[in-house]
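In the part that follows, the structures are each spelled out as structure tokens.
After this come two complexes, each holding chain A, first together with chain B and then together with chain C.
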Partner chain A sequence: MQKSLHIDANKCTGCLQCEMACSYENHGVFNISKSRIKVFNFEHAGRKVPYTCTQCSEAWCMTACPVDAIRIDAGTGAKAVHEDICVGCKVCTIACPFGTVNYIAETGKVQKCDLCGGEPACADACPTGAITYVDADWTGLDKMRAWAGKTDTQPRATA
Partner chain B sequence: MAWNRKLLRVDLSKGTCKAEPLNMEWAQEYLGQRGLATKYFVEEVDPKVDPLAPENKLIMTTGPLTGTVASTGGRYSVVTKGALTGAIACSNSGGYFGAELKFSGWDMIIFEGKSPKPVYLSIEDDKVELRDASHLWGKTVFQTEEIIKSSHQDPQIRVSSIGRSGENGVLFACVVNDLHRAAGRSGVGTVMGSKNLKAVAVRGKSGSGGALKDAKGFMAATKAAKKVLADNAVTGQGLPKYGTQVLMNVINEMGALPTRNHRDVQFEDARKISGEAMHEKRPTDGKTHLVTNAACFGCTIACGRISRIDETHFSVVNKPQYWGASGGLEYEAAWALGAANGVGDLEALQYVNVLCNEDGFDPITFGATIAAAMELYDLGILTKEQIGLEAPFGSAQALVELAQMTAQGIGFGKELGMGSARLCAKYGRPELSMGVKKQEFPAYDSRGIQGMGLGYATSNRGACHLRAYTVASEVLGIPVKTDPLVTEGKADLVKAFQDATSVFDSAGVCAFTTFAWSLADLQPQLDTACEGDWTMEKLALLGERIWNMERLFNNAAGFTAKDDDLPPRLKTEAAKTGPAKGLVNGIDKMRPEYYKARGWTPEGVPTKETLDRLGL
Partner chain C sequence: MKHVIIGNGPAGVVAAEALRKADAAAEIVLIGAEPEPAYSRMAIPYLLEGNIDESGTWLRKTEGHFARLRIRELQARVVSMNTTQRKLLLADGQFETYDRLLIASGSHPVRPSIPGIDLPQVQTCWTLADARAIASLAKPGTRVLQLGAGFIGCIIMEALAARGVELTVVEMGDRMVPRMMTPKAGGMIKQWVESKGVRVLTGKGVQRIAPAGANPGLLDRLAQAVGVGAKSEASGLTVTLSDGEALGCDLVIVAAGVAPNVGFLENTGVQVAKGVLVDSRMQTTVAGIYAAGDVAEAPDLLTGAHLVAAIQPNAADQARVAALNMAGREAQLPGVLAINVLDTLGLVSTSFGQWWGETAQNGGAGTELVDSANHRYLSLQFKDDVLIGATSIGHTEHVGVLRGLIQTRTRLGSWKDALLKDPNCYMAAYLASAQRAA
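Right after this comes the complex of A and B.
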């Protein structure tokens, strides 16, 4: 079964434990400026929204890479950057419509979410369940359940 | 990394910024944040200094767990001699600023002197500079943050600043970060304003965590501690759902909700301003007051409240800038702006709370000062002409207008800006100021919760709930239930809470973790992060050392046992209703017991043996 990250922004509190976990997992430091997941704060709406790579099936970044440095991980289906091949041309950062591939000046390479090899650190760190790692075919299950629950409580039109 | 081992010294008079190694010997004895910064402070500043003189210093400080994955590890503190109190001040704040400061590679910033013109400090990792702030002077906290972010073209900068009240000399001005988190009490923002320092803007890309003592152990210890918070009814359910406002109805039922300047101990409209009410749909627009809860950096509790004011409420009609979501209400503010004045209008309280954030003044002292003014008005000592409007208890209109006047520093707002102690003294009724060491009480009446009276009277920063939150024990049974109506055993209880809290404050975590964590939950996190051997014994002694160090400073500043006292109302006017009916606070009985438990003389001075034992 392929799994994918599922984000429910309504549950997010903006604690940034996910960003901390990501930077620690991938860089061995606590440094949110190196995180591959970002939580945006829409102050006046009172909303916090976590955002990261959705692992497109036909990944724009992968298609754009001239040296074939972004490849599908057979185990997870993640589009992973192979740092030893990446030449830091940044074409993928332009190709990605969502901005989730980013250049790291320090290494001269790009980075993006690779699902941590199947155990995403952000999902593990999130205290609220805003980020979960679920069956890729059923990311809509929670929403369906919620709406189904609402339908169920509607009074019938005719008695 | 537990410590960055580096502090920044900013001489505002000369306009210089200098890096210094952190004193790691002191770090072993005082840990960080409150403890370590106070150590620097007492070593460098004359206790008799005028808080608003250039010779006073102001320290912004992080703890060893700030900027780590430890739950609530985002706290920072502002340490100085308080403008309101003249006592040692340490005001703690959450949000994101503290972690960002740590990420920028510094542990603390010591500000000294006074800038000849308004400036702000800009920090981008090692790149540190004082910049002109004349365009920011006169601006609110909200405007300041927005202008700095856009002029630096970096939305990820974190800003801590003062509003107009800090510039205008309101004696209870705060330092506000991330729009609605504040180092709130004792007038630390007033001191910042007196130095012509408008703001600190930080961007940290260096990060922390390179050299934890035992990284694997730390990840395991912090994970286990997070589970303790999640499994606890208060930190796992009550606080995320209702915030600190979970307390409003509880404390009211206990007969410990100070009402109308402590004339009463129960508020008939408590329900209307409670956490529960914030979840109810308004008849006007069908929306709930509360929009969502929110966390500070790293916090897995998320007590924060984000609310939206009713657009049709009189306070915000034609003011669309207040219609969006904003921080509040938390319990202390809801009480001080509400019950303390007899105002039961939730929307009015939130509007005034937003003004407190926007212009940076402490809602607790402000609300309690309004309460004192309303009592003076009620007694005919202050008139409509003097105040500029009618100000009876319960008037939301008066609360709103007086808050606007205080924010802008106009009319009677200037007198309110002195705080209740100076206001009541000016009008010949000093006994009507409800506070200790010129700082107003928070939201617990010490006739119904006896231990809090002793905690208030002996708090080193003036009346405060965050130095010894015995409510945990006396009301919630944490760690053990004690009877709130008796004085027996409270001396030891208060001492234990004061010492333990000193450690939590010095670590860089939030005091609210202590609903679930004891020192035994904090210890493994510190021991795996910080180099050295951090045993329970070492931490317990460290807490006591910090408390006594603060006490010595206050004694040298001129405070005596006489200042460890409550206003006469709490000692002579019995509670009229509720479980504490007929009771006054037994402070005169508890004080000598407390001095003894502390190893102090009957005059409240630490004995030589005590100082030797603590290495002071």
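Right after this comes the complex of A and C.
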């Protein structure tokens, strides 16, 4: 059974444990600017929204890659960047319409969520259950692409 | 059903794979003209920089990838075709028949008609063979003049600079990357590149290229007299610019644009404007013949104007749609969205859609945020409350949502005013309006 990240923004307190955990897992440092998951703060609506790659089936990042550096992980189904192959051309960062592939200048490569090989550090770190790693069809929706619509129970922010 | 694909670049390869996925039994032939494995031209700059070897440019890295998918690779150049008999004539005199055909023949670099353009020290930078030639010619200290500072020119420039050459770039337009960047952004890129030691001459053309000493201009003679122009005297060139300036150099790289490979389509009924005209199913004017990638000319998503969008994400999208239709499935591409990303010596820039904006009487509005000190720039362009175009410099976080907002024509509502006031909040605007997350 393939699993995916399930995000319930209503449970997010904005503690940023997920960003810390992601950064530590992937870069060995607690530096939230390196995190692949980001929590967005909508002050007016009093809402925190964690956001990362949905591992979408279209995978524009993957077909946009000119050197076959983004591939589907057979175990998790994640679209994973192979850093040894990535040339840092950044085409995936503009091809992904969800904005979840980012270029890291220090490494000269792009990075995106790869589900930590099946044990997502962000979900482990989340103290409120806002981020969980669940069976992909647990919600009966097309993975977590619809996550945001599902959490649409709060008044709109109007900036 | 026999599918033949002309061209084994990204469009050809994606189409072949999509065809196999859609039809397990079909015969698939993938024709490539160069004596190389299917590779990506986009990766050539990284090869020249020494970041990767040639195998790093290959589109598919797994051994036996195409054989495993029962895709027959054929090295051949198509010279003409008969659409009635559904037959391709190859350069070696052989024929190849097809039931459905995909034209994914890509494009070739244009050599402007300038005296001396065919001299051996004048190189294009397009194929692996070109890359090998440039690698042997462009050594640290080599004086290189690059003709053209468009999108491709800027990518090549990065690779040349990394090789330690002494680089001068000549661009006819009034700024760098004039077809992708706003005047302000193009100016910022020029400033940055100049600060990295590249000489950039905009608003100028090359009038003549000649072997040095053949008929030296005044400046060249002066330079030689004071001993600065004597380097590589034997093999050197003198390049005369449109304003009369004469520059000594060892190598000229031509990056003055590309043109679709459509020569073999003459008298076939496949209609060609600049590229091969296609409908939303990527079908050409001849039934059963499709086109995708740099050779195809399709309507722009926003303006409806036909354009050739020579970018890999577009090639992949078009190839997938063409392949599905070739396999008898229903698929359409509503239009092409032009998107680009560029790294000029460490300065990252992007452009999306109708970045030049829309007139006020047509509901257009826009904003431009300039932070020269930090080399950051952001321009957002709207029509009514929908984002239609964007240009950025120095933004590498979540830039993809600019595509998302434009492509899905998301109504921004009150977020439009928020963006006009602070364009930097585009990610929040995206989450709130496209993902309804706040």
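Definition applied: the second predicted complex is superposed on the first by the 139 of 159 C-alpha atoms of A that agree within 3 Å, B and C clash if a C-alpha of one lies under 4 Å from a C-alpha of the other, contacts with A are read in each partner's own complex, and residues count from 1 in each chain.
By definition in this document, contacts are C-beta pairs under 8 Å (C-beta built on N, C-alpha and C of every residue); 3 or more make two chains touch, one makes a residue touch a chain.
Owing to the predicted nature of the structure, the values given are computational and were not obtained by experimental measurement.
S.K.: Would you sort A:W60 into first (chain B), second (chain C), both or neither based on which partner it touches?
M.R.: second
S.K.: Check the residue A:T107 against both partner chains and state whether it touches chain B (first), chain C (second), both, or neither.
M.R.: It touches nothing on chain B or chain C.
S.K.: Give one of first, second, both or neither to describe whether A:F30 is in contact with chain B, with chain C, with both, or with none.
M.R.: The first partner, chain B, only.
S.K.: Looking at the overlay, what does A:R47 touch: chain B (first), chain C (second), both, or neither?
M.R.: both
S.K.: Chain A residues in contact: does chain B have more, or chain C?
M.R.: C
S.K.: Touching A:V87 in the superposition: chain B (first), chain C (second), both, neither?
M.R.: second
S.K.: After lining up the shared chain so the two structures overlap, which partner does A:A95 touch, if you call chain B first and chain C second: first, second, both or neither?
M.R.: A:A95 contacts chain C only, not chain B.
S.K.: One more residue to check, A:Q2. First (chain B), second (chain C), both or neither?
M.R.: It touches nothing on chain B or chain C.
S.K.: Which chain A residues contact chain B in one complex and chain C in the other?
M.R.: The answer is residues 45, 47 of chain A.
S.K.: Taking the complex as given, what residues does chain C use to touch chain A?
M.R.: 10, 14, 40, 42-43, 46, 51-52, 56-62, 311-313, 316-317, 320, 339-341, 343, 346, 348, 350, 352, 396-404, 407-408, 414-415, 417-418, 425, 427-432, 435-438
S.K.: Taking the touch rule as given, give the residues of chain A at its contact with chain C in the complex, in rising order.
M.R.: 9, 38, 40, 42, 45, 47, 49, 51, 60, 63-64, 66-68, 85, 87-91, 93-105, 108, 148-149, 151-152, 154, 156-159
S.K.: Quick check: in the complex, which residue numbers of chain B touch chain A?
M.R.: That would be residues 1, 67-69, 71, 96, 99, 103, 156, 179, 204-210, 219, 226, 230, 240, 291-300, 302, 304, 306-308, 324-326 of chain B.
S.K.: Inside the complex, what are the residues of chain A that reach chain B?
M.R.: Residue list for chain A touching chain B: 13-17, 20-21, 23-24, 27-34, 43-48, 125, 127-128.
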